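There's a structure below that I have some questions on.
Order of writing sets the labels: A, B and C. Residues in every chain begin at 1.
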């Protein structure tokens, strides 16, 4: 039965115009199982836009290495982990060469395990938990700035500012909101800092009055407050913190890199946060933003557009490097050995990083409701707390 | 022409036939009683007239208009209302508020409502004494009075009364029937459903007997008595 | 003592928002026997209404009013389009309808507007704090307490004084009998949805002031809290919803303030256990309906 179908389809292809048939062989299929609706959509929708832009640019230029047109196959897993596995199976059945997984660690594990068994290299465009590749296996790669990397950059900054006591605000609801502050604490302590206290919150609680009242009572008063809280928790927290008269500087992570934070006004002034890159004039990120605007007729809504673009550039670099081989093991090995690949957010290195890439961490400060560049940091590998 | 005309009325609840091809009529100024054992379909018939349960067949005419497809509140505005079985006053509303709601159908609300209310207080002095009290704290007899007064607030030309004596002490039942008699003097037409057949036949001009959803007997009180009501009741049960 | 007073005010502010939300659910439940899980989306709509109004240069106070009006209109429309056709169906059908409405709106927001949050700037005058004795209380929190009080008072006056309000209370106790009094069922139900829309709009604004942005899923968590408040207070009871909202606020703030750090992670489990305990002693909720079944 299988054979009959194959013969039929070959016959059908031959009947069709010949050049198209020849081209059809030279495509690389990239599957993207993402959360295009539901709770994770705010991350995967922008990621998809970045991916689409990269695919369009590469295909217009004749494909990867001038040979392989990219065929993008997308599936919505509706922010449900179980659907992530189902949809992954579906795209694998369509013989994809590389898989992109959703924007969170759990559904990425679900997708990655199936792809691992099928020996299909999988990249998580924006899941940032550094343990993800280790959990799934040697076909799973991270792409986004890992939590421990980001935390280390923030710890460098805190130390440079002369802060002695730090308070961390964390939520055990997600690995990101819990571990990132803990990585920060570790890196900060390694550099001689002290953790004055840990305050916990519940995501979506809106009301931070109890936590703020607690922070007020901590002595000695912390020199800095670090948190990985993001919308809607971060705005609520910082408002209530400032309105309680606490003027302690606040450090945040890339989760707060959004127009909302900039729109907070006075209360957010001076907040420093890390992210995947700052679009300084002439930088690759600035160029990406311009290209994005030209293509979509709108500004990028989040940095995930750029990191989504990066993933396709990584795949392109890997295929160029492995001599145009499209089988899973070859692409896997090629990604694992990439060094200093030029991408939208800067450069990215996988070699020697156990599939969690080394990238630039940009520090930004909010001044007059605008994001301003503080510095770019590439942490020293030895300072980065081990993934846990 | 009769004020209320019911033709071949049928009500079903799923597979259960509650009322079947029932027909009856009430003329202006009459008191008509509808008798029957428990479960004979009396309440279903009244509820169907008021549009509270859907008809499976038949027609209801009120004052010459076909009303079987109309909404309950529209029927009330036409001048017919029902004082439901079990009184069903609004327990957490005060006596006065219960009465105000009774006038909800009137077009020119407040002023008229107030006049009506004073009239009801004249008719039921007990209610006046308790006008600020929550209806749920009244005795059973007082609640029945309130339920009737509430229905009268919409100035109905036809009042359907469902089991007004249910669960009340004998002396209170007498009071309720005195009120029914006085309503007749005020010109209110009444269709009275009662289990207490003797009392009902005492005040009624005519009567119908319902058994298993069908009208099995009708006539003047004397005729019904001589036809052997008990037999019908036993047969139905 | 100062810590306690501070936390007491915190609890009052949070509980007030929950009370407004719970009241919105309870008003509809009382006349229709439906927990409208699309209630949260009305809050979200308020947010988008304000966002777009500001985008078109509408002055801030007017934008807030537009937000509330939008939620109110949407609530009435929701009833007309989605719930009226299934009004006489089983409770389950109506409940599933409300989930469907909620999901459809989520997806419309995500695909027609944006999956990303939209920022709504909050005036700086609202981010300050007022000093009362030795305490600092945020302007937004103070506003929450004030707005809750005014809304509750206005609703109480409406329900006590106006004929429509009395009719709604009557309909809540016995819908069919209310109709027998000539009370217009459609009007009462539309009004209930309208009120729930106004309350969702007001609560939505208070919520937005805290978070500074609107996103498609903004209403999900609040409606869940409101549901807990309503069950706690007694399904169908309006005063119960308010009491339930405040109790929930006090439980949450109390646990966050006084639980030792080690068990803080379990505070949601503990607060829900407390809710279950309350229901164990008052299975019908704190303000049980006199008539348990309609």
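The rule is simple: a residue touches a chain if its C-beta (ideal position, glycine included) is under 8 Å from a C-beta of that chain, and two chains touch if they have at least 3 such contacts.
Since the model is a prediction, treat every value here as computed from it, not as a measurement.
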Chain at the geometric heart of the assembly (C-alpha centres) = C
Task = Would you identify the chain whose Cα-based centre sits farthest away from the centre of chain C?
result = B
Intercentroid distance (Cα basis), chain B paired with chain A, Å = 72
Ask   = Whole-Å distance, chain A centre to chain C centre, using C-alpha means?
value = 35
Note = Rounded to the nearest Å, the gap separating the Cα centres of chain B and chain C is 41
Message = List the residues on chain B that touch chain C in their complex, please.
response = 50, 52, 71-73, 76-77, 81-82, 84, 88, 90-93, 97-98, 100-106, 109-110, 136, 150-151, 153-154
Inquiry  = If we count contacts the way the header does, which residues on chain C are in touch with chain A in the complex?
reply    = 3, 6-7, 9-10, 13-14, 17, 106-107, 110-111, 114-124, 127-129, 136, 138-141, 207, 210-213, 215-218, 221, 252-253, 256-257, 261, 264-265, 267-268
Query = Mind pulling up the chain C residues that touch chain B in the complex?
reply = 163, 166-167, 169-170, 173-174, 176-185, 290-291
Message = Touching residues of chain A toward chain C in the complex: what are they?
response = 36-39, 41-42, 44-46, 172, 198, 200, 202, 204-207, 209-211, 213-214, 217, 231-232, 235-236, 239-240, 242-245, 258-260, 262-267, 301-302
